[in-house]
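After this come two complexes, each holding chain A, first together with chain B and then together with chain C.
Coming up: the complex of A and B.
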């Protein structure tokens, strides 16, 4: 069968005809993405009886729509109330929430929507065009290469620590220690579980996420009347679409930033076992390293918001590539999609592109149409959603705590996880009050276990030879890039410092 | 409200006498499903020590989807993954009541091996499997892109260098098969635990692992990507779907017991059986009916897993299998526990 323009036009037409499936799935995805604890994966599991009853093409379109929109939905509470809906949105509040506090919530939301939608749409089209080559990425990025990629994300701790090195590093290492709790991946030996069975399968991410960010934030905001500063409130007094359009304009002007960060997401998404959390932290770190204004990151900087949002949406099309091309799901949601396809007797793999091209290419066209539809359906919501931030904290704080506690219970249905979220809330609150960065702790909690998994695997494969870390040419190239990206900020700082000094001494300046 | 005396008329006495006689007769009957007539009157909870969406989940849904019609109630699966099944078993033994409304659905082979390496906190004598529902043989497999085409290619290369063997976890019957093969042939195998079948398949498909060892079900379904090169069972139940792979005993002249790597089974607290033998009889009887029901084969076919592996085995057969696996596991205990490399 020829895959020419006519074929893809026909595919697009087929997918557009399923608008009645896509629109409800978009709204459902936005809602479940925005609620911590819910995610595309567990929503699809809950809805399995429905998706199994549908025709495979329709069921797949529904799941893809829900997956893509939930990824974007997770950014909404991250920006507005400092609650990342999923681990993939954990880097979003670093700059998104400070923007909200400045009264730019509406603008931040529209920027995030534009970055997510265009990043997702762009990478979907790239994935479609480069499918044969992209599917080969997983053959070259193994444990050793993944360790280096993880270092890009983990080195964010050092970046965060730049303002107060000691406190930043303590917070980062504390997070890593928490991340190592649980049974090890080789010999299944429990470490640091304090005898709690609930910690054998690692520290669950959602309670850690909502505790460190949301509950500690709720404890902190109760001391004030509103999340938004007085200046921010004044800025929000003028209702209208201007802020939305301004956000769209700013995001559009950063098109190059969106492009390369979404490509980072796409490549990381293709690797089985990697995912949106790694992609968003790596993108944030890369964005800051090569930015002309790195000092503005963490203060409500546009680029700091756009980078993780475009990267975590770039991941969505990436995870579909190994699923459809080699039959290996790239992530949890893709794994559930595989269950549904298998139930319908569909065997994924290279043959699928010949035997059922509508099922092989369908998810990509469905994803492209989802992103296109989201421009029309989601962007207008930014104006109304942002008003949640002016609600008084005496109502907001208890609502945040109740919702997030329910959210921490949902993934595993353990009461223990609700208590754990509260413990992390207290840790986060103490950290905020004493000047330790909660984001540094969270990076350790999220990336620590992944890093350990790849590291122990590489060490077991090399039978304990540490030099395995430098045994691959792709890995070594990545090491060089890592060193450059760590050294670059210091080199630039010194150069700028010298220039400023020279300018100060220039009698004609 | 009627007073007490008004009830004591002839009819009442006669009715009461008949009821007493009936109760006496019933108590003299052997335990049977008739006595458990009120059971079950609510849903039955099933503890699953793995994540949802996996092979155990799919198999459980096919079985209970039909079983519910015979036993007369719905099943509620609850998933407790972690630490190679330990979390699920510990939760079950710690939380489940012994009223026959709570079962466990596990994969005997890896979980029994896990206990060989690390004893659970509960007494193993308090627990038993009562019905094994499938028997999926352990296999050695490679990617279709691999330079290895036969098990002999692998052994030849394994004598020159250490080969990385992707496995679901160290304490797994398929891993034992690979280790036993290495021991017998002198090839050097380095088992790399990749935390589950999905990751193991990914490791082999992407070429990070030289080969893999898993239950066959997830591999024969992906015949375009993987090739089965050896079976650890006594016979090859799927010659047509596994490139007619030889068995270890036939090819190497060994005398290994059949290493069934996928062995999903229902388990229960022994105290529940002791307290409610009538209910247990009904459970066994209705499960047999479910397996004989053509609707089950139809539901199972949708999972694309080989029907040849499905078969209901009794508590005694399940125990025999578990004891065998534990015996072989004890031989490789130090290796599985990391005390020896």
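Coming up: the complex of A and C.
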């Protein structure tokens, strides 16, 4: 079979004909993405009886639509109320929430939507074109290379810690230690579990996310009338679409930033076991390192919002690549898609592109159409969604606490996880009040166990030789990039300082 | 104005509250080391590296705090954690209600517990004003939550009298 323009046009037509499946899946995805705990994977599991009953092509289209839109939905509460819907959106509030506090919530949402949609659409098209080559990426990125990629993400702790290095590093390393709770990957020895069986399988991410961001935020906001500052409220008094269009214009002007960061997401997404959280942390760190205005990050900077949102949407198409090309799911949602396909007797792998090209390419065209449909369905919502931020904290705080506690219960159905969320809430509240960044703690909790797993695998393969970390050419290249990206901000700062000094002493300046 | 700014700058650092996270981190690290002391090296290596760096960082912040104390730039109190003091009763009540929510939900179920939590928490935060609005909002939200989480998403949330009654009816 020839994969020419006529073939892809026909595929696009077939997917467009399934609009009646995609539109409900988009809205469902936005809702489940926005509530912590209700990830796309959980929802697809709940709806398995429905997806299994549908034709495989229709079932896959439904799952892909839900997956892509939930990724974007997770950014909405992250921007408006400082609560990321999933770990993949954990870097979004770093700049999204300060924008909301300034009364630019509508603008921030539309920027996030544009970054997510264009980033997701662009990487889907790139994935479709480069499928045979992209599928090889997973073969070249082994434990050693993944350790370096993890360091890119973890170095974000140092970036966050820029204002108070010591406190930032303590928060990050405390997070890493919490991330090591659970059994080790080789001998399954329980470590730091306080005797709780529920912690043997590591610290669950959703209760950590809910506690550190939502519960602590709810206890902190009761001291104010609303999330938005008085100046921000005044800025929100002018109703209309102007803020939405301004957000679209600003995001469109950062097209290169969206392109670059969504490609980071695509490459990281292709690696099985990586994922949106790593991609968004790496993207944020890279974005700040190479920015002309790094000092503005964390204060409501456009680039700081666009980078993680375009990266985590770049991941969505990336996770489909190893699933369809080599039969290895790149994440939880992809694994469920594999189950559905196997239920219908479909074997994924290279043969799928010859035997059932509509199933092999279908998920990518479905993803492209989902992102295109989201421009029409989601963008207009920014104007109305942003008004949630002016709701009084008298109502907001109890609602946040009760509904996010439910969210922390959902993934594992353990009451223990609600208690855990409260413990993380107390840690988060103390951290907020005393200047320790909760995002730094969360980065540690997310990346700590992943890095340990890759590190132990590398050490096992090398029989304990630490030099294995410098044994691959791709790994060494990544190490060089890491050193450059860590050193660059200091070099630039010193250069700028010298220039400013010289300008101050220049009598003709 | 300038005097105000100067006064704010001179306000001593609240050392007691600033040391809660480092002390908690140190205590947890030592406990973690205790749990892996006799474990195979695979269970130890990453934690010993990260934990050692964390202990070093905590020692550095302790030295910094002692220097602040000796210079008179800091005080041993918990001011920046508990301020504004006028909110202490509300904050503690909200914490108590949250703990009660977690402990009561296995018996009363999601819907009734959420209704009670929302109405009590909102009433406390609003100084017991707008009672009618709060009660109707709490009822709408808890019923909406029941329909969304339990009926639509089939969440395995603890069932109480309300959920059992609905199960029996439909």
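As a convention for this text, the second predicted complex is superposed on the first by the 509 of 509 C-alpha atoms of A that agree within 3 Å, B and C clash if a C-alpha of one lies under 4 Å from a C-alpha of the other, contacts with A are read in each partner's own complex, and residues count from 1 in each chain.
In the analysis below, a residue touches a chain if its C-beta (ideal position, glycine included) is under 8 Å from a C-beta of that chain, and two chains touch if they have at least 3 such contacts.
What you see is a predicted model, and the numbers here were worked out from it, not measured in a lab.
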item: Chain C versus chain B on the shared chain A, clash or fit after superposition; value: fit
item: Touching partner for A:200 - first (chain B), second (chain C), both, neither; value: first
item: Touching partner for A:219 - first (chain B), second (chain C), both, neither; value: second
item: Between chain B and chain C, more extensive residue contact with chain A; value: C
item: Which superposed partner A:173 touches (first chain B, second chain C, both, neither); value: second
item: First (chain B), second (chain C), both or neither touched by A:336; value: first
item: Chain B versus chain C as contact partner of A:322, first or second or both or neither; value: first
item: Touching partner for A:431 - first (chain B), second (chain C), both, neither; value: second
item: Touching partner for A:139 - first (chain B), second (chain C), both, neither; value: first
item: Contacts of A:459 with chain B and chain C, given as first, second, both or neither; value: second
item: Minimum Cα separation, chain C to chain B, after superposition on A (Å); value: 6
item: Common interface residues of chain A - those touching chain B in one complex and chain C in the other; value: 185-187, 189-190, 413, 460
item: Of all residues in chain B, those that touch chain A in their complex; value: 52-53, 57-58, 78, 81-84, 86-87, 90-91, 114, 117-118, 162, 164, 169-171, 190, 192-195, 198-199, 201-202, 205-208, 221-222, 224-225, 302-304, 337-338, 341
item: Residues of chain A touching chain C in the complex; value: 32, 38, 43, 46, 166-167, 169-171, 173-174, 176-178, 180-181, 184-187, 189-194, 215, 218-219, 222-223, 393-395, 397-399, 401-403, 405-406, 409-410, 413, 415, 418-419, 422, 425, 427, 430-431, 433-436, 448, 451-452, 455-456, 459-460
item: Interface residues, chain A side, partner chain B - complex; value: 45, 138-139, 142-143, 182-183, 185-190, 197-198, 200-201, 272-273, 322, 326-329, 335-336, 339, 342-345, 347, 349-351, 413, 453, 457, 460-461, 463
item: Residues of chain C touching chain A in the complex; value: 14, 17-18, 20-22, 24-25, 28-29, 31-32, 35-36, 39-40, 42-43, 45-47, 50-51, 53-54, 57-58, 60-61, 64, 80-81, 84, 87, 90-91, 94-95, 98-99, 101-102, 105-106, 110, 114, 117-118, 121-122, 125-126, 134, 137, 141, 145, 149, 153-158
